[in-house]
Each structure stands twice: as C-alpha cells, then as structure tokens.
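Inspection log for the structure reproduced underneath, given as structure tokens.
Chain IDs A, B and C follow the sequence of writing; residue 1 opens each chain.
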C-alpha cells in the first residue's frame, strides 16, 4: 500500500499516481491533496495524527516549497512504515508518531531506536519543479517493491547524516494556565492549538485570552453560537463555534499565541 | 466494497480509511468528502441519487453535526446494501432508494419490507468529536467482514426501536402549477428543487416565481445567459444558466420556496 | 485500469464510479474532478501532460459543456491507451501525447498512424444532462471489459468521420522574442503559457510584457516576492511568485497574450 499526501489540488497528484502505477501495482490510498499550500508545519501536524491509523504502508508526502533547491530527498523508516518526501521537516513528526504508535513527544530523532533516516539519490530529474512526480513517486515505488527489510541495501539510498527536524512548538506553563500556539485552522474554522487536552482537567470554564469560555465535550454541546473550548479528535485543545467558525469568533489564525487561563 | 461519504474535506477522511484498512482489506470508493458542511438534508438528497448506481456495498456516511451527543449510531440494511452512520436522518432516504431501486417516495420506513434498522453499540470511543474514525469506520469494517446475511447475529448490533426519518419536503399543487423547495445548490450553481421533472410535461415555457422561463432539454440549449428550466440527472426540476450560475440569476438559495406556474 | 477526469466536484463523479463498478471490476484511479468548470482547453492541456505518466489504461474524460446537444460521443485509441468522452476537442491533445509518448506537436490527427477515432452510439440515455453517468461511464466499462484489441468489432462503436480537434495555440516568433498565450492558471496562481521552455536558452533575465524578470530554476530560487520566469513540470514557460500568486503579480489571466522579450 502507498498513501499519497500533498498540497497539489488538481491534477498534479494524478501524475504521481501514474508515475507509481507505471512502476508497480501497489494499492494507492489518498490521504488528501488539499493540505494548506506550502505549509510544512500544518502537514506535519495532520500526518502525525492520521498516518498512525494505517496498517504498515509506504507514505508519499509532498509538501515541498523548496523544490528545485538542493534540499535532500528522504526515505524514513518508522516502525513498520516508510515515509518518502523532501527533507524540510514534514516527515519526522509523523515518523515519530508511527514509530511510537501515537506518543510523538520529546524523543530526539537521533535517539530514536525505531527510526532510520536515509537519503534518496535525486539523480538528474526530468524537471526541477515537480519532484513529486520525478523523484518521490518513483522512490516510493522502488521502496514498495523492495519491501521495508531491504531498505538498507537498496541502490540510490544511503544513510542520511542529519535531517531537518521541524519544531512543533510546546506550550508554556504560566502562573494560572498555559500559553499555546495556533497550529492549524481546519476547514470548519476550528482553531487547533498545541495545548494537550489533558491540561483542561474537569474544568467547565476556562479563560481564552481573558474571556470566560465554556469547556464542552463536543461542538453540539455548545449553546447557540457561543465560542467553546473542546478537545479535538487529535487530543489537543480546540476553539470552536457550533455550526460556525471558531477562527472568526476568537479572532485567531495560524501562528497566533493563545492564553488559556484557569483562574 | 466500502464507499465513503462525508463533509470532512482534507484530511479527516483519510483517518477513516486508515481505520478501515487496519481492520480489513475492503475495496474503498470515495463518494465525496465535500458535501455541504453539516447539511444532513443535502447529503441525504445526493446519496439517494448516487448510491443506487453502485453494486451491493457497505456505505459509510458521516455528516454528523451531533457528534458527541447521545444520538445513536445506525446500521441500516437496504436490499443488498448496508449503510452505516449517525441517527440524524441522513441514512433513510438513500436506504429507501437502495431498497426500491430508485422509487423512494412515500413508503413509511416501518412498513418497508426490505429495510432493517439496527443500532450500533458506540461503546467508549477514543474521542467525542470524531465518531467517523472511532465508531462508524470500525463498524463498517466489521459489517463488511461479516457480510450482510450475518448482520442480525453480530455482536454490538441490535434492532433499533426507531430512527430519525428526515422529511424531504414534497411540493404542493396550486391552481396553476406547484410550489416547491430548493433542496440543494450544486457546485455549478444549479438550483435543484424537490419538484419532479414529470410535472413539466411537454411545456416549452413555465413561470418561475412569475417570470416566463424557457424549458430546455439541457444547459447547452439555453440561448446566451438567460435563466432556464431543465430536468437534472436526478429527475427533478433544476433552474440553471448555461455557463453561469442559476442561484445568482434566480436569486434562490437552499430552503427557499419556488413557484412553478403553468399559465 | 480506468482513470476518471471531470469538472464535476462532489458528488457527480461517484455516480460514474457506481455506473462502472456495477458493470465491471476495473481498478479506478481519479485523475481529478476539480478541473476548471467547462473549460475544455484547460482540461486538454493538463491531460496531455498527466495521462502519459500512466501505464496502458482506459481514460474517462468528462468536461462536457455541450451535454444534451447532438455532439457525438467518442472512443479514441491512442497507442496502448483508450480515451472515452465527448467530441468537443478535449480528447485529441491527450491522445496525441499518449500515442507519441509526449511529442504532441504538429501531427494532424488524420495523418496519425497510431490513433483511431470511433463514435460511440449514444442510444437513448436515461438523462440529457448527465452523459458522464449514462453514456461515457458505461462506454468505458464496455471498452475495458472487451480490451483494446477488440475495439473495431464492438457493438455500438463505429469509425468516426471526423472529430473536433482543439487548437492549442502556438506562440509566435517576434523580432526580439515570442508572443504566447496564457493557457492555464493553476491552483497556486502560476501562469502557464504555451511557450516551450527551450526558447529561454540559458538566459538569466527576460522581459515579460516589457518588464525585466529573472529566469530561475524553480520557485524557491526567487528572491522575496518578486515575479519570476521558470519552466514548469509540463515543459512550458511559467510566470510565478514564490509563495505568492503569479496571476496577481503579472496581471495575467487565461487567454491573455504575453510577450517574452530577449533584448
């Protein structure tokens, strides 16, 4: 099985599918191709949540604002899974999640027993603007056909010296709560933070940037169109409006600080 | 075969795919994940038109504004098909269409010989915000693996007392025509009503909210950018503009009344 | 293998998938369903770039603004591939690319040894607005089941007298460069022209509509938010802004002339 994730929209992902299927008969599963454009951090966030749902697979990940520069191409073994994509930080957060079955916090990549990072020889690709088709998709097909156990001996793959490790920021404790970051705003307008849901405890109200805001079990528990705090399916604190947009209601966007207060 | 329909966009559907594929090897077919957000009625309308095209399958349907409340989870057998999703009305209109091969009008669900409605034991799901991944996808995998004939004896499934049955409104006859409802505006801006196309007879002009409007066989038969009346692929009256947007031209949106006059 | 391309969005493509899968068990691969609405030329441009990546397949292509008129339905054999879709010009540019493995310039279709054009008997379809479901998808299933070698003898297929051949315009040489056309603006805002990238030679600066503009190897080689000229993955000259929209920066849209000057 090869999964495909990108920020390409229509029709570039199909060129990657063709490049794979002309080389092997792998089952293909789309993760999605509407990831926020050129937003490496958002893709890393989502993929570390979504990919661990899958059985062992090769995951082709192409969110690649640096295409055509000399950034390396990586093949990363993580547990029984393999990731293929650019060396810009998008691969390591999901790699940790795949290796740890969800516990992706705090392990340095070099200390991680169950992750191996290889560099994929880019060679002389057909284009300098579409390595998804010309480098990563063919690489994923080769890895799929060889199988994960033969990775170390594959032609064109060599151990990587180091790899870009994207810092997903950690929230900071304060006297009366935490200050977190907005990591992602999803398509519903839900504001997803880096604050783990466990910090909420059993509270029924917290302050969001000073404003008392109810904590509810899910969107539909909100009353009317008030802003609410909940714990999303990803386990993090989310700010939302039932049948409305949380980003508008709270005035928050990706990268903003958000202060969650308990007193 | 398991089909997937939702209003999730990117990347939540992939988590459902992973949850299925880690449990079984079913063929997966996307119905679409861009259904109008949290619009149960629009999804029910489309699915009763689209799902009957398929051979026998398990259909996973997750348009679920009530996620995390105590609304039940359903498994519905309809002819040779099975639907899995929330008990909010989205399942029964397509269930009737699947059982009747297209004649989905007027049969009360409790009188329907070829539909069985079961409740799926939700248990204690991992999240209260993403039952698509945590309840419905695993349920669909279980049903797929067991097969439709073993539904009555499956663990975690029991006959449902009743189920939310979404009223898709019927048009009303008037002295000189019908008054219908706008059910859906599709991505082209075509205004899809609940008025069956058969009421148009062989007329070449009708009044739409008073305005004389030509009835044409298809969009391309319109002259210039005039508004036209046609019968859509779903069999209902549609208001459209060739290479333009019918919703703008007619000033109509979902839920509006529309009066079709014959004199 | 059957690939599917359309401008349908959600959920019409699923009806085509159902219509195919109720007739055969072909592997299905989505090329994309978000092609620019009713833009036959844009679809032809993309498909001649994307489809040659695939192994031999049946390609179902439905961008069909003339649905319900008497435009013919075509089955086109191109090398080891078959295309099925409307006779509006969308099929022949990708057919040439499939037959020629990428060299799709200048061959008249009637002179082409490796392309056969057939007309598909439309019969009396269920609808006059959705031939994708009622004509082309069933046609693709029949062709897939029969196999490419039996095309000439299939019921309901006969040699076509002629076929609409879409002119993708060629750029014109001028005293100091070329005048091209904007063929497509992609989802990133990149402006894709009909000018082959080879005309740039090794130049590091050209004039775009008079303005000196750097030529770079890929988007990431741009400095800041300046407009740049590059060669896209399709081999043509593209006008872009790194992490921004080229169409806004250059003030260009589909169909506009663009003058590339070398002095």
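Everything below uses one rule, namely that a residue touches a chain if its C-beta (ideal position, glycine included) is under 8 Å from a C-beta of that chain, and two chains touch if they have at least 3 such contacts.
In this text the structure is predicted, and so the values were computed from the model without any measurement.
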Same-site or different-site touching of chain A by its copy chain C, using the half cut: different
Fitting chain B to chain C on CA atoms, where both chains share a sequence, rotation angle to nearest 5 degrees: 120
Separation of mean Cα positions, chain C and chain A [Å, integer]: 32
Contacts with two or more other chains, residues of chain C listed in rising order: 30
In the complex with chain B, residue positions of chain C that touch it: 8-15, 17-19, 21-22, 28, 30, 37-38, 65-69, 126-130, 133-134
Residues of chain B defined as touching chain C within the complex: 1, 3, 5, 29-35, 46-47, 49-55, 186-188, 217-221, 230-233, 235, 238, 242-243
